[in-house]
Amino acid sequence: MPLSIVLRRSLLALAVGATLSSPAVAQERELLNSSYDIARELFAEINPKFEAWWEEEHGEQVEVSQSHGGSSAQARAIMQGLRADVVTFNQVTDVNVLADAGLVDEDWQQALDNNASPYYSTTAFLVRKDNPKGIENWDDLVNEDVEVVFPNPKTSGNGRYTYLAAWGFADEQFDGDEEQIQDFMRTFLANVVVFDTGGRGATTSFIERGIGDVLISFESEVNNIRSEYGSDDYEVIVPPTSILAEFPVAVVSPNAERNGNTDLAQSYLEYLYREDTQRLLAGFNYRVHHEAVVDEFADQFPDTDLLKVEDVFGSWPEAMETHFEGGGMLDKLQRR
Amino acid sequence: MQRIGDAPLVRRLLITAAVLLSGLFLLLPLVAIFAQAFSQGVSVFWSNVSDYYTLHAIGLTLMIALLTIPVCLVFGVALAWLVTRFDFPGRRLLQTLIDIPFAVSPVVAGLIYLLLYGRNGWIGGWLDSYDIQLMFAWPGILMVTIFVTCPFVARELIPLMQAQGSREEEAAVTLGASGWTTFRRVTLPNIRWALLYGIILTNARAVGEFGAVSVVSGAIRGQTNTLPLHLEQLYQDYNAVGAFACAALLALIALLTLAAKAGLEWRAARREAFA
Amino acid sequence: MSIRLDNIAKHFGNTQALEPISLDINEGELVGLLGPSGSGKTTLLRIIAGLENADRTAQPGKILFGERDVTHVHVRDRRIGFVFQNYALFRHMSVYDNVAFGLTVLSRKHRPSSGEIRARVYRLLEMVKLESFANRYPAQLSGGQQQRVSLARALAVEPEVLLLDEPFGALDAKVRQELRRWLRHLHDELNFTSVFVTHDQEEALELSDRVVVMSNGRIEQIDTPDALYRSPANRFVFEFLGDVNHLEGKVNNAVLTCGDAHLHVDLPDGHEELLLRPHEVRLTQAPTAESHLPVTITAISPVGAEVRVELEADWLAQPWLATVRHTDFEHLELQRGQRLYAHPRHWRRFPESVSKAPEQRHVA
Amino acid sequence: MSQFALRRSGSTRVLPGFGLSMGISVLFISLVLLLPITGLFGQLAGLSLAEYWAIITEGRVVASYMVTIGAAAVAALVNAVFGLLLAWVLVRYEFPGKRLLDALMDLPFALPTAVAGITLATLYAGSGWMGSWLEAIGINVAYTWVGIALAMAFTSIPFVVRTVQPVLEDMPVEVDEAAMSLGATDGVAFRRVIMPHLWPALVTGTGLAFVRSLGEFGAIIFIAGNMPYETEITALMIFVKLQEYDYAGASAIASVVLFVSLALLLAINIWQGRFVRRLHGGNA
């Protein structure tokens, strides 16, 4: 065990106090899952189940710890030394960054089924009761009197999906006419009233502060919000065309090796594909691949034409470079 | 005795304005924190506070504060002694340098430590080869906390020690006292209240630092999550009550700090009155 | 402008700083308020200035400047000049701006033109011999210079009453002497009414037309310096105005005895305490029939025109001080350790105030 | 007084501990303060001058400077007035609750910025206690630059109060009395006698408040709307660059903030030194 961890544990035990029996001290192996911001509740459900399953299968007690943050911030932290064994992100690019740095295998998307995305979602709308502005699709969002709330694409993967979805819609609508697409996007972005740095900040603005007519976020998230804050006050609108938002997972091989967790990490990710886990995920309003579960939850997920980033924008790196980097399309559209 | 602005009307007007504005601007936020924290009753507040991860965050936060204080204390006293008791080229520069943490945005403070001690940094990389990890572990949190809090003790001591001058110490030296004895028996009793005040400020900041710590912590629940980070996570998880419960704890620490400070000032004033 | 105080009293919390006091100061007079610290002299001065308000008692006190009742007039409207103990110069203003301040804050209607202000300030600076320092800041001046600026500043508004609080307290002896003479001269020339506070009896006696001696919030005596010195009203005044030698003993058959010393006095039998000034002590080689007061010289110090001789004896609780002229000093060939006999030329007694007056001994 | 102390200490090293205190101070400042900053410049070294210039003059970044500086300036000015009022009331008057008010002044220092952030956002949003009331009279605070200025003012008010207060306390009563005896009214005396005394402290306090506001992030981010060109602060631009893995860009913008802040601090120190020297004697 690395010196720093020993130190950390002994000092922490000291700090927290002997009365508080720390599970971290009692157990041998510990798996660190670095994940995106809004997945805290999700993994708080999954991890104990996995721990129990592992003990049953292998007779060994393990603990899964979570680190949450903006998906990009998390990737950055891992590059700077955060010793996460696995990543469960909401953006393919953030895993690619790790792959470029040699922390994740090059062919990580082939390592697991469905491009290494155990679940997926899309971008949907949350509107206020009775949908007073009559918002049904992306082109309703460019109306003059509509105020839009979604997180800043510069700082949030969630925001990036929204931007790409709107672009994808416009691309179809105007048949690839760049000028019209840009006009559409410019109007769309001008309707944004608050650019919070993250998805949850945007939610707070929309719900708690009562700002805007529509909140755009992951389908899973808007459904969760609606059940959290009252199904009577809000409505979920899933537009007929939207974007495929994959939630990629990968083993951070050097870290897992160093921590002696390679087997545990791999099993943990595979565990996400099991039927009961998939059911749990669907319960959190994520779309899943397991057929039995898909059938079971068919009512919950309307049929939607899901555009793939690769199809519309070539590839993730291309989309990032053209649209989001400093001086890219986003900056151009927002310039005055 | 009359002074400028003693006319009853002016006086009443100014006091009212000051009290009203501070009430709205400073007191109301404080009230709001506790109102939100207890908005769903004491039991909900309590269950949020006694949550394992919250307790762990409290423990970690207090530990960081406890480790930060002695370091800042030694540095603050040494620097104050240096710049108030000796004259040497670069004295003013040294005094400006300790203001750096005030000038650096906390996020940047975290960033510069990450760049140096992270795995890609030149010190961090070297340490990594010996399997020593500073960032995303408590030593990193401690380091940036020391960075942002180090000016407080020195800044409290310097003006006081400058005003007091060094005559008393010189007297002690002429009477044959050693350096350590001079400091302990002559200097320390004169500066102890300022010192304590500096410690209180250091503690308040160490407990509450957010920006810098968030960059280097990794925010692992139950491991590297400090109370302010935990608060932010709860806020993000739609657990506003939980977030404000943490906020209330931090505000409580702030209030204790203020009370301790007011107590010290009261004591000092009383000592002066009877001196 | 005459000043008239009628039934003025002041207390701070539970302490009575001034017992009800009445006082008349004539136009053009230079009056010194003399007393030990805590005697209420500064309070009285500040009440005259309007910096403190007198108590509102059942019989309300009154302050009149000439015919004008200023009891409830704010300090800024009393048209006084006030010179503060530590000068209270505005540190951020040059000497010129300090002196000009009072003129520039006048309402537009009363304010002189800027040229006139300039002329007047320079006239004042010339008067206080600081015309070349107009652009300096107070911190760059010596104490005596600062005091002169402070005086010029107070005089700039042409006050009818000039009030000075321990004006020379913080200066060294030589500068103090010089400034005193200069102030006296200024006062005589400009002919305003001045009141100043001091704890230095020499200063009060040298400078004042009349001296008000105060203690414990009361006026002990008001008189010209000469009268004050010659006929003090009570023991306190006598003791405060100079060094005093005490002789205490039993009178029996017109002889006061104290240990092995005795002195012929025309007093009835009983306990007596006699007081005498140092210059009232004569020293001889032998006793006389009248007095037998054997003493030993313990210290000799020539001070100015005379020699101060300190005397001790078994029968003295406190050493005596005698002053002798240089010729006498040489004539007697005085030396430390020499035994001599003292003879009072003159003495006083204040039987009524023995228990009341505070113990005041001035040896140095 | 202090000048005196400095002069004395200058002449000889009578007192012990020069080596030890110098050693500790220099070691600490080097390791804790300066070494990490080299990391920042290490990042900058990877940029050409043209690239550096392009990053720090990019339109959106420049707009963020404007927002930050503008809001910080407004906050500092408001604090100058408000802080002066508070310091004055706390020093010159006695009234019930004065000690409480005095203690309250340090609250923004003691309260973690994140707590201040979420609390201010909650209070001043359109649905909050203050926000709903202000909205009724047509003032929008949250998500506008007014909100940014408000958060900045909140976190930096103690700087002004706590620098002006001791100076006001030390002002001898004779200064007031001298001005009054010379016939000055309250207003004139305040403007011409008291203000010049307070001026250095007030400027220092306001300057410190301004510098602090330039770097503030935690308290602002919750209440700023973060709209490009309108309500984006410079600290957010650094944050954005970090999100893009653009360390060099983040370091470039951070270096601008750092330089401006340090230059301001140094200027304040020097200016104050001059002023103090004049008041306490130029020859000292």
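Per-chain numbering from 1; labels A, B, C and D assigned in written order.
The definition used in the following text is that a residue touches a chain if its C-beta (ideal position, glycine included) is under 8 Å from a C-beta of that chain, and two chains touch if they have at least 3 such contacts.
These are the chains along with the protein names UniProt gives them: A = Sulfate transport system substrate-binding protein; B = Sulfate transport system permease protein CysW; C = Sulfate transport system ATP-binding protein; D = Sulfate transport system permease protein CysT.
Only a predicted model underlies this, so the values are computations on that prediction, with no experimental measurement involved.
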Exercise. Expressed in steps between touching chains, what is the minimal separation of chain A and chain B?
Worked result: 1
For this session: Pick out whichever of the two, A-D or B-D, is joined by more C-beta pairs in contact.
Result: B-D
Seminar exercise, completed: Farthest chain from chain D by C-alpha centroid distance is chain C
Exercise. Chain B to chain D: how many Å between their CA centres?
Worked result: 16
For this session: Indicate the whole-number Å distance between the mean C-alpha point of chain A and the mean C-alpha point of chain C.
Result: 89
For this session: Let me have the rounded angstrom distance from the C-alpha centre of chain B over to the C-alpha centre of chain C, please.
Result: 55
Seminar exercise, completed: In whole angstrom, the CA-centroid distance of chain A from chain D equals 38
Exercise. When you check chain D against every other chain, which residues touch at least two of them?
Worked result: 122, 177, 179-180, 189, 193, 239, 242
Problem set entry | chain A: positions in contact with at least two other chains | 201, 204, 208
For this session: Note the residues in chain C that touch 2 or more other chains, in rising order.
Result: 51, 75
Exercise. For chain D, which residues count as touching chain C in their complex?
Worked result: 172, 174-175, 177-185, 188-189, 192-193, 196-197, 199, 278-284
Problem set entry | Interface residues, chain A side, partner chain D - complex | 70, 72-73, 75-76, 97, 152, 154-155, 192-197, 201, 204-205, 208-211, 324-327, 331, 334-336
Seminar exercise, completed: Per the touch rule above, chain B residues touching chain A in the complex are 52, 55-56, 59-60, 62-63, 114, 118-121, 124, 128, 131-139, 218-223, 233, 235-238, 240
Exercise. Can you list the residues on chain D that touch chain B in the complex?
Worked result: 1-2, 4-6, 8-10, 13-18, 20-22, 24-25, 28-29, 32-40, 42-43, 82, 85-86, 88-90, 92-93, 95, 97, 99, 101-116, 118-120, 122-123, 128-130, 153-154, 157, 173, 176-177, 179-180, 186, 189-190, 193-194, 208, 211-212, 214-218, 235, 238-239, 242, 247, 250-251, 254, 257-258, 261-262, 264-266, 269, 273
Seminar exercise, completed: Within the complex, chain D is touched by chain C residues 49, 51, 74-77, 79-82, 84-86, 88-93, 101-102, 105-106, 137, 139-140, 153-154, 156-157
